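Below you'll find the structure, written out as structure tokens, and then a few comments.
Note that the chains take the letters A, B, C, D, E and F in the order they are written out, and that residue 1 is the start of every chain.
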Amino acid sequence: MKTYPKKRIDIMVEAPLMKRVLELLDEHEAGGYTVVPALAGKGNDGSWHRDGLVGRVGAVVQIFCIVDESRVDEILDPLFALVSRQIGVVTVSDVSVIRSEHF
Amino acid sequence: MKTYPKKRIDIMVEAPLMKRVLELLDEHEAGGYTVVPALAGKGNDGSWHRDGLVGRVGAVVQIFCIVDESRVDEILDPLFALVSRQIGVVTVSDVSVIRSEHF
Amino acid sequence: MKTYPKKRIDIMVEAPLMKRVLELLDEHEAGGYTVVPALAGKGNDGSWHRDGLVGRVGAVVQIFCIVDESRVDEILDPLFALVSRQIGVVTVSDVSVIRSEHF
Amino acid sequence: MNSVLELAFANLTSPMILFFVLGLAAAFLKSDLNIPEAIAKGMALYLMMAIGFKGGAGVAEHGLDATLFLALATGALLSALLPLIAFRFLISTTGLSRVDAAAVAAHYGSISIVTFLAAVQVLNSAGIAYEGYMVAVAAAMETPAIVVALWMAKGRASSFNSATMREIAFNGSIVILIGSFIIGGVTGKEGLQSISAFIVDPFKGVLCLFLLDMGLIAGRGLLEGRRHFTPAVIGFGIYMPLVGASLGLAAAMLIGLSPGGTALLATLCASASYIAVPAAMRLALPEAKPSLYIPLSLGVTFPFNLSIGIPLYLSLATAVP
Amino acid sequence: MNSVLELAFANLTSPMILFFVLGLAAAFLKSDLNIPEAIAKGMALYLMMAIGFKGGAGVAEHGLDATLFLALATGALLSALLPLIAFRFLISTTGLSRVDAAAVAAHYGSISIVTFLAAVQVLNSAGIAYEGYMVAVAAAMETPAIVVALWMAKGRASSFNSATMREIAFNGSIVILIGSFIIGGVTGKEGLQSISAFIVDPFKGVLCLFLLDMGLIAGRGLLEGRRHFTPAVIGFGIYMPLVGASLGLAAAMLIGLSPGGTALLATLCASASYIAVPAAMRLALPEAKPSLYIPLSLGVTFPFNLSIGIPLYLSLATAVP
Amino acid sequence: MNSVLELAFANLTSPMILFFVLGLAAAFLKSDLNIPEAIAKGMALYLMMAIGFKGGAGVAEHGLDATLFLALATGALLSALLPLIAFRFLISTTGLSRVDAAAVAAHYGSISIVTFLAAVQVLNSAGIAYEGYMVAVAAAMETPAIVVALWMAKGRASSFNSATMREIAFNGSIVILIGSFIIGGVTGKEGLQSISAFIVDPFKGVLCLFLLDMGLIAGRGLLEGRRHFTPAVIGFGIYMPLVGASLGLAAAMLIGLSPGGTALLATLCASASYIAVPAAMRLALPEAKPSLYIPLSLGVTFPFNLSIGIPLYLSLATAVP
């Protein structure tokens, strides 16, 4: 089956910032994204676990977004500006998709 | 450590269709799969959020499945037929595994 | 934007073993990791679904960890020793990150 | 007619309605207020378990009679008939596609259990009795509409196979409703008493919290689905329940239900599904737009029934001597 | 003996049992009915908090006596002894591997708190008193069986280190049971009264909903684990509780527990763990098959105790003068 | 003074405090006991819905008077004033950075609704009346402190834009508190009665379970945040509530609140936020350390208020004739 190369951007970011990241993706017309809840984690800023938490602080969500290679930089630059002061990690990787009109 | 190249198929699909996709993977002896809940997302068909939902409509789950390269097409073709009329996105990417008998 | 190549290790492992895996990652100074809950799955040891479960048995969590290529083997060897007797799957893939000091 | 207004007013200022309105308001204000999915599902299970059990215990106390079967058959028939009417209206007034019209019609033939619960609460506060088995009638009305609508959408029913039918027939909400109804029937008054501190006493409060959630979902759905909402579509969301209720009233009187039971059958006919039917539609009619049928059912028809519909149906049901 | 049958029959038609059966039926019908994980865990926490607290408040009211310590020691001893017996039976009759046999034995030495709860409900409805500290005995019986079973599996106990022991000793269910027991003991009758609308009144109803979930899990486990279920294995799941209960009855009479307390100790000995022990086994004996021991405990022994076992143990405990 | 000690002792041995201590102990023992996130959130929603509704129903019963507005204004003013004082103390005694000090100050200006709930429980058991609208005062005190603290942190307030303000103003907890308060006010005593089996009777028990969770989170936060905890910082976590309470007492007497209302206003001033403010700080002052301000508020000040603070403020409030 014919597939098309795209990029997958994975953003791990603390939950209170999620809305901002999604707005940023919307602004740059990322086409689509999916948010996956994370349960626990550890990074430079210490470790955390969702259990028992009531507020959004102390949790990290994972947002991923499949985009065309040509748009990666356009998204990464403002994303970096947004995430750099916060708790978070961003990765980019290669994927293929089966419907290219989608992205 | 010796690793073996495989393919990872990621399927984002609306929740009511999950059972069908898993049955399809079973039929094509995909060996294994994992379903990860998604919390929120956006695509061509609009955006959605899990919070407060009672039914399965309006939610997307992420199913991934590590398979040998040789089986990718065998799975993608019927998967595409299944998902094309529904809400969903499919990606394929490269991974290495440490136990090859597994797949 | 300048990015740096890293490796992403994905570990699907039954929930009772999660703590051991995280301790192992800590010992080998993996820098960070994220745990994502899984909802359902199937592998060699049968299929499972989280719904209705009270205990941790019968659930699989997904742990991922971005590390420098140079550390992959150091982590995979003990990980393999730990996971080989249990229910679980480990994959390694390529990613790029935007902040390299992080890992 | 005075008492209708009083009833309507009492209903409009009941905590139930006001919590629904709070949810709507929070959604429109774009507040981040939300109820975790697991809690919403847990409450839905609780409400169905409780209403099923109480219905069964009611039947155990008052005994079974022939009207039970008559009522079940009538309910199933109405559920199959209403989509045909709804479909006609939609095609001739709204310009929706055949598939969309069939999907919407399925929702209006099937029922909303929360609307039913709200009606039961109103009956309870007004001290009006009703047949305990009405909850079984509700369960019986869930599915026929789906089958008829899929048949109407024709050509499209390719994915409408026996696996889908099985899933629809044994879907979780039907199983817990009917299962609890039977358990309530078997254990009777004594069984009810032993767990009434769980399923009776806090019921209304849980319903309020659940309606808050419904308000949030309805409000967000309305914002999201706005673009589909022509006057003709909104109009349908309001007159169709009246059409359904009229048929329900007539049928109930024909088979001789009590005034309370009549009001409930009318409410069931007037109500539109927003949980079971959407899931079935995504499987069998994926081309139909969920952003149309969910907010129409939950954001237009549900609040209409909740606020104006129920007191109206009740006053009509009790007006006839 | 007539009253035994009556008791058994009353038990079999109690809402608790019937909801468990509903869960089983839904699983066998492959219904998608399910209880969200968070709700199931929340109910488990609630049930343990409530039973612990009530036990502690009971002790506060009736005063501590020497039998508390005697009962704790007896419970721990029985929990250590039962796996040895179970292991013998399994090795000689079922053809299970050493490791599988040890793992199963651990489950039958340890206890199931929900079985205990069900027995307490039966005592309550029959108006039979029992020692409040029995819940502490239950907690004391959770762990010894695990240690003994790991020791029996030998050679395999390499991963059985102090970290594992610590996790087992301070696992969540023990902490909440014992913690609530102590709080109940400290705050006594007054404390109980202040929160009884939460932990006493709705208790039985919550237990019903929880048993629905147990039925679903048990049913699905039975479907999944079918292949391991030889007649010898199923047989073990039924006679082993009887063996355990006999020892429990004898020991209880020896140390002079009340008839109610005797029935509870017998029930604890008869019951098999399906939450705490499986988790420990996955860590320490990963080669043992969870698809064997979980459905055996939850799908065979649990329903056996729930339906036939508990009334039987109770009638034996009350028969002896 | 004797009665103060008695009150303090009664408070210290109440189930509420003891469940909090159990949570702390479980965390320190590194037990895996935990409450699922959805359950914790569900309980938080429940507690806010209940306290809001009861407050509103209280106002409906006793009528509105001018002090309501006076109390709202006073609360808002205190919430804006306290961060200024806290900031001074922190800068001059703890060596925290400007940004960290501002973030901590925001927490102490704002309020903790659970501390408020605990104080209400103590008033209820002591049979002391209070103004129903105090819950609205609590809501009014949530936000001003945040605005002031961001202004103090200056230069850093770049991300402090209208979107952030909107999010803070319509955050979920404010919407449900105020919404339920209004619904309680509209439906009054009758509304309260109709759902009191849900929002009144089990309230205290739910609060106990919620405090168990708070204890777990506080204990784990203390372990994680240890490194930030100099004596000066811990000291601040204890004397700042006393400073806040003093101001609250004075203000309450000035505007003529009842002794019960006075104790509540003092408690609100003494309490420190650990849900709403942290979320706002992560958005607007990301450089401030959450591992400092959350455990300080939840692990030091919250237990101090719960155990010693509340009885103290209450005895002061009732001592003055």
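In this text, a contact is a pair of C-beta atoms (placed from the backbone, for glycine too) under 8 Å apart; a residue touches a chain by one contact, two chains touch by 3 or more.
Predicted, not measured: the structure shown is a model, and the values here were computed from it.
Fewest steps needed to get from chain C to chain F, stepping only to touching chains, is 2.
Taken together, chain B and chain D share no touching chain. Between the chain pairs A-F and D-E, more C-beta pairs are in contact across D-E. Each chain gets a centre from the mean of its Cα atoms; the one farthest from the centre of chain D is C.
Ranking every chain by how far its Cα centroid lies from the centroid of chain A, the top place goes to E. In whole angstrom, the spacing between the mean C-alpha positions of chain C and chain D is 45.
Distance between chain A and chain C, defined via averaged C-alpha coordinates, is recorded as 19 Å.
Here the CA centre of chain C is 34 Å from the CA centre of chain E. Among the residues of chain B, those in touch with two or more other chains are 36-37, 93-94. Looking at chain F, residues 34-39, 41-42, 167, 201-202 sit in touch with two or more other chains. Taken together, the touching pairs give a contact graph of some other shape, not a line, ring, star or complete one.
Remark: the chains found to touch one another pair up as A-B, A-C, A-F, B-C, B-D, C-E, D-E, D-F, E-F.
Chain C contributes residues 14, 16-17, 19-20, 45-47, 49-58, 85-87 to its touches with chain E in the complex. Residue ranges of chain A in contact with chain B, taken from their complex: 1, 3, 6, 8, 22, 26, 31-37, 61, 66, 93-99, 102. Remark: chain D residues 13-15, 18-19, 22, 25-26, 29-39, 42, 125, 201-206, 208-209, 212 touch chain F in the complex. Across the complex, chain B meets chain A through its residues 10, 12, 36-44, 60, 62, 73, 76-77, 80, 84, 89-94.
Considering their complex, residues 34-37, 40-41, 44, 167, 213, 216-217, 220, 224, 274-276, 278-279, 281-283, 286-287, 290-291, 294 of chain D touch chain B.
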